[in-house]
Amino acid sequence: MNALPKRVAVLGASGYAGQELCERIEAHPGLQLTAAMSAREGVVPDEPALPVDRPLEPLDWKRIAGLDAVLLATPHGASAPLAARALELGAKVVDLSADYRFGDVARYERVYGVEHPHPELVEEAVYGLVEFERDRIAGARLVAAPGCYPTSVVLALRPLIEAQLIELSAPIVADCKSGASGAGKRPSAALHFGSVQDNFRAYNVGQHRHAPEIETYAGASGARVVFVPHLLPCFRGILSTIYVQPKPGASVSEARAAWERAYRGEAFVKVFERGQPELSRVVRTNQCHLAIADGRAFPGAEVDAAGEAVTWVLTSAIDNLLKGAAGQALQCLNLMLGFEEAEGLR
Amino acid sequence: MNALPKRVAVLGASGYAGQELCERIEAHPGLQLTAAMSAREGVVPDEPALPVDRPLEPLDWKRIAGLDAVLLATPHGASAPLAARALELGAKVVDLSADYRFGDVARYERVYGVEHPHPELVEEAVYGLVEFERDRIAGARLVAAPGCYPTSVVLALRPLIEAQLIELSAPIVADCKSGASGAGKRPSAALHFGSVQDNFRAYNVGQHRHAPEIETYAGASGARVVFVPHLLPCFRGILSTIYVQPKPGASVSEARAAWERAYRGEAFVKVFERGQPELSRVVRTNQCHLAIADGRAFPGAEVDAAGEAVTWVLTSAIDNLLKGAAGQALQCLNLMLGFEEAEGLR
Amino acid sequence: MNALPKRVAVLGASGYAGQELCERIEAHPGLQLTAAMSAREGVVPDEPALPVDRPLEPLDWKRIAGLDAVLLATPHGASAPLAARALELGAKVVDLSADYRFGDVARYERVYGVEHPHPELVEEAVYGLVEFERDRIAGARLVAAPGCYPTSVVLALRPLIEAQLIELSAPIVADCKSGASGAGKRPSAALHFGSVQDNFRAYNVGQHRHAPEIETYAGASGARVVFVPHLLPCFRGILSTIYVQPKPGASVSEARAAWERAYRGEAFVKVFERGQPELSRVVRTNQCHLAIADGRAFPGAEVDAAGEAVTWVLTSAIDNLLKGAAGQALQCLNLMLGFEEAEGLR
Amino acid sequence: MNALPKRVAVLGASGYAGQELCERIEAHPGLQLTAAMSAREGVVPDEPALPVDRPLEPLDWKRIAGLDAVLLATPHGASAPLAARALELGAKVVDLSADYRFGDVARYERVYGVEHPHPELVEEAVYGLVEFERDRIAGARLVAAPGCYPTSVVLALRPLIEAQLIELSAPIVADCKSGASGAGKRPSAALHFGSVQDNFRAYNVGQHRHAPEIETYAGASGARVVFVPHLLPCFRGILSTIYVQPKPGASVSEARAAWERAYRGEAFVKVFERGQPELSRVVRTNQCHLAIADGRAFPGAEVDAAGEAVTWVLTSAIDNLLKGAAGQALQCLNLMLGFEEAEGLR
């Protein structure tokens, strides 16, 4: 690696995803973390906020000019104008927020309830689900990294829908469970230790804004998704249990084969022949683990249900902060800057 | 309370459910815990095994003769003959195992893969879901306490199925999450602290033997249930998220009204008007908390899905060791012995 | 129990200790929870804040007039004037804060760095460590419930110091570990789930204000205590490991005998013959578990250290919210109102 | 790095420390993991036991012949003969067990209660505390990696004792708290999830075999250590709180300066100017974080204690599986094989 390193800034560096980005960039042989900034000018916390040996700095556009890339680990609404400004200054941008995830401005505005300040960039932005958009990402100036839940669900669904193995007339159920880091770092009653430990609950039932994102990228228009996120009493990881109705005659082994075709050669997706994904095997990695099983395989079921349509149970596990956020963003950045896709992520 | 206390023994007293039973019986003003026994003769652990101030004793039938009741916190297979023997000795029996849950011997044998040693008692036994079998329980000699997962799922489903609000031609999805105490106290690699903490996974996907129990008691023959249990990184509690297709025209408020009718006056079932059940509010209680929501209520859903069938999301939370085991068993015992149903459970 | 129940209010009812108080009072056959109030007028949270079936109310002195007792689960500084006002209105008061714990106003002001607004009440107040102040508590109008750490440490130290078994010329080390509930319910970065889970640290090393409280009540003037609290990744409980130098010739069995004399007949202190206290056996109880061991009993130690002074290791476990706060306060209130001391605490 | 990689085997690869070793070796640019073996011939578990993409193999000496190094993550007693055999086959050996930690065979035999099978190797072996034995480790054939607790305690104590800042006539108290991974992977009632979560306790009070190891390497003969380990409800990390009596006139800043001199230029020891170490900042690193404070700095202490000897509170945090086991072993191996000491550990 004799070339000069590419110079990169992280905005929103003190959040969980921002911290992951800083750590991974520091460990990346081809990248130099030039600045780890807050999303706001003039405001930085007193405490050491970064896992790397540098201070969190306030937002300073002068220091961003001339950089190769900017990574935005900032909230939706805040990201859109930051991305526009960074692009003007010549940097490539990966935005981890939802601001550029929908190609359709009207859909974004309906889902997020705000006017999009830069509709002219919406069309240009590429959805950063690398396994399906590799070439477009490599050529992009602006990439919108997918949401954590959509990453875990879409990686499971899309090959099966594209292979026409799933009945889209029935709703798809995505019952998703996330560690508390997915809810962010800002102190609140809901995220107090006493509220999360020894507890478990669903939230935003049927109303979470990742549902339309999942439907958009599930692999076919018309897929209807019932999405229910839950908060686990642990820090990292998402496990999604997804219930789909197969087309008549389709088998679990055909579905597994469709996954294997879709993910042959992929560094970060593993299809299980047997056994079940679990969080402990994906956290602190950029991996997605997938498994499929018949939903009514218990003794006695075959007697009662002969000839009836079965339900498949797909399980998908990722680290929400890596494959669901910082890892996937870095996978995109590697492609955009000409690095090997897995650099810094093994 | 001037009457003499009823004399009760717990068999299998050193397991998690057995320990709960001992604690609750000790605190019950009308019961006397006469013996807390292992399920085996001559075998007791060295260590203090009980949360109450008495030793665990080996199984001793002489000490059981003449008791008013025996509670069996013993595994399936072991319970069936213990129940028969205790009945012979004149005690009433509540069995927390699966051995007498299915009125149909053939179904039990298919699901559990063993021959039933006492088919003559199967028909006599009453399924101890108090809210639906109160009168039969009060008159029973032998009650089979429901499984933990079936309790949480059936309490949610049954009033809606009986009110004919749910489309039974579509499969019902029960995505259930349990604390580790549900898997018992025996040391194993899977239940080692390092395997459970910071982890989450599905197990027995589509194959768990609680699925046929749920189908049997869901409220109508022909209900097909896809049941997937998961292991939470906490100790107590079950939260079930249940996905059902309503009959055309049925509304969430009708469903909530059906619950309220079914559970009016019940001490241990609470229907939420708003908000979501969570484990922390039910653990260490005998309560079941229920909520219902529309599964596709996110912004934009109405545009895409106008006129289509929706999915309802039912959430049901219990303590697996109380309403899912020892608490419900004691609720039954109270009825069988003539106590107020909630005695010792408030 | 034919007498009318005593009417009681809790101020600061929405905090962890306040919630425990409300639950225990509701379950107490001789008490009626007349009001569960915030410490401030006109301010209450939207959310259900109490574990009992009643709303949190704003502070309202009119509703306090005429009550039998007021329990203050309010912070130091806030408690002192609330106690004074409640006493004026004729109620007996148990204050869970530090405001009335030091008989010496100057010492309080030096430790807490504020001027005491009611020095006239300081002398009247009784320190509510029941096992040592039972008679004075029974006759008191105003009781200061001990701090959580001091309760666990003083119960271990005091009988040994009073029996003159401990060398006071050497410092006493109290290495204490508390669950996160001890730090309260207010959201903060330090108490965010992500900061506490999978973590452990000392805090306020050598500077915690419970150190002078421990020294004051340890059993003799001149005891010097090095006190270091730590934050455990769990919710409830304090385990204190206390290192003392015995007087020449004193033995571990003499020390254990001193504890047994001191705590004979006590409902809430248990001295271990063998084995070690652990949090799981004291949480959700009002118990204190005590054990003592020789600090250099490892193989080889006897060879190297023959004839040298040993160190004793005392371990003491309580539930910080019960014996360390609400439970002990209720123990005091029972005495003040003429109830059996353990009522509502078994 | 053009040279051929050094070929290394791990014995005892399926335990927690063995797994860490495998992961780190796979990521090390100069090492090749040639074999990951069980400690026994012919016995391997069915399940995937390794975090790396290779199977666990049974012990096979033919495959060990000719290797550059063998790492023993095997229990004490088992390691001693394995080390001897591997040395005979020409490999360098790092043993993570206690078998070669004591230069004095008699002391080993007294502490571990077994006869040492290879006393001839005991003298040759070097204690692998790199910061104090760097040169001898670099030239060694056989290195005994220090115990986890001794690493955390000795790194804190030794510079202060060597600088003669600590009064050795007073006992040193080492109150140590470890995550459950320190107790190993074998299923047992004590390590069941239900026994560790929400719990905390001391164990082996005054009797743990790491106490004589600490005394041996503390920095001076005659240091007497009272060592009490505790089990934390989390997986990784040790935090040791150490209480020492300074020599008259010695100051906290002198002590900190002694640490800074001892650890200047060290990659893996960090001395805090202010703030406290915490597990979350050292886990998954090879770092040791150290801080020191005055033990009686609370308001009021100065008044009471003027002129009296103070106590210092040293806090030391490491990851028990890295700096306390696999990381430190790899640090040693790097020196023995001519690599940069921190290779594979950053």
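Going in written order, the chains are labelled A, B, C and D, and every chain counts its residues from 1.
Criterion: a contact is a pair of C-beta atoms (placed from the backbone, for glycine too) under 8 Å apart; a residue touches a chain by one contact, two chains touch by 3 or more.
All values reported here derive from a predicted model rather than from experimental measurement.
These two copies of the sequence, subunit A and subunit B, are related by a rotation of 180 degrees on CA atoms, to the nearest 5. Centroid distances built from C-alpha atoms place B farthest away from subunit D. Subunit C and subunit D, compared by their mean Cα positions, are separated by 37 Å.
Annotation: 38 Å between the Cα-based centres of subunit B and subunit C.
Rounded to a whole number, the gap between the C-alpha centres of subunit A and subunit C is 47 angstrom. Residues of subunit A in contact with at least two other chains: 195, 197-198, 233-235.
Here subunit C touches subunit A in the complex through residues 16, 47, 180-181, 185, 187-189, 191-198, 234-235, going by the rule given at the top.
Remark: subunit A residues 107, 110-111, 113, 170-171, 173, 175, 177, 195, 197-203, 205-209, 211-212, 215, 224-228, 230, 232-237, 239, 241, 243, 245, 276-280, 283, 291, 293-301, 303-305, 308-309, 311, 313, 315, 317 touch subunit B in the complex.
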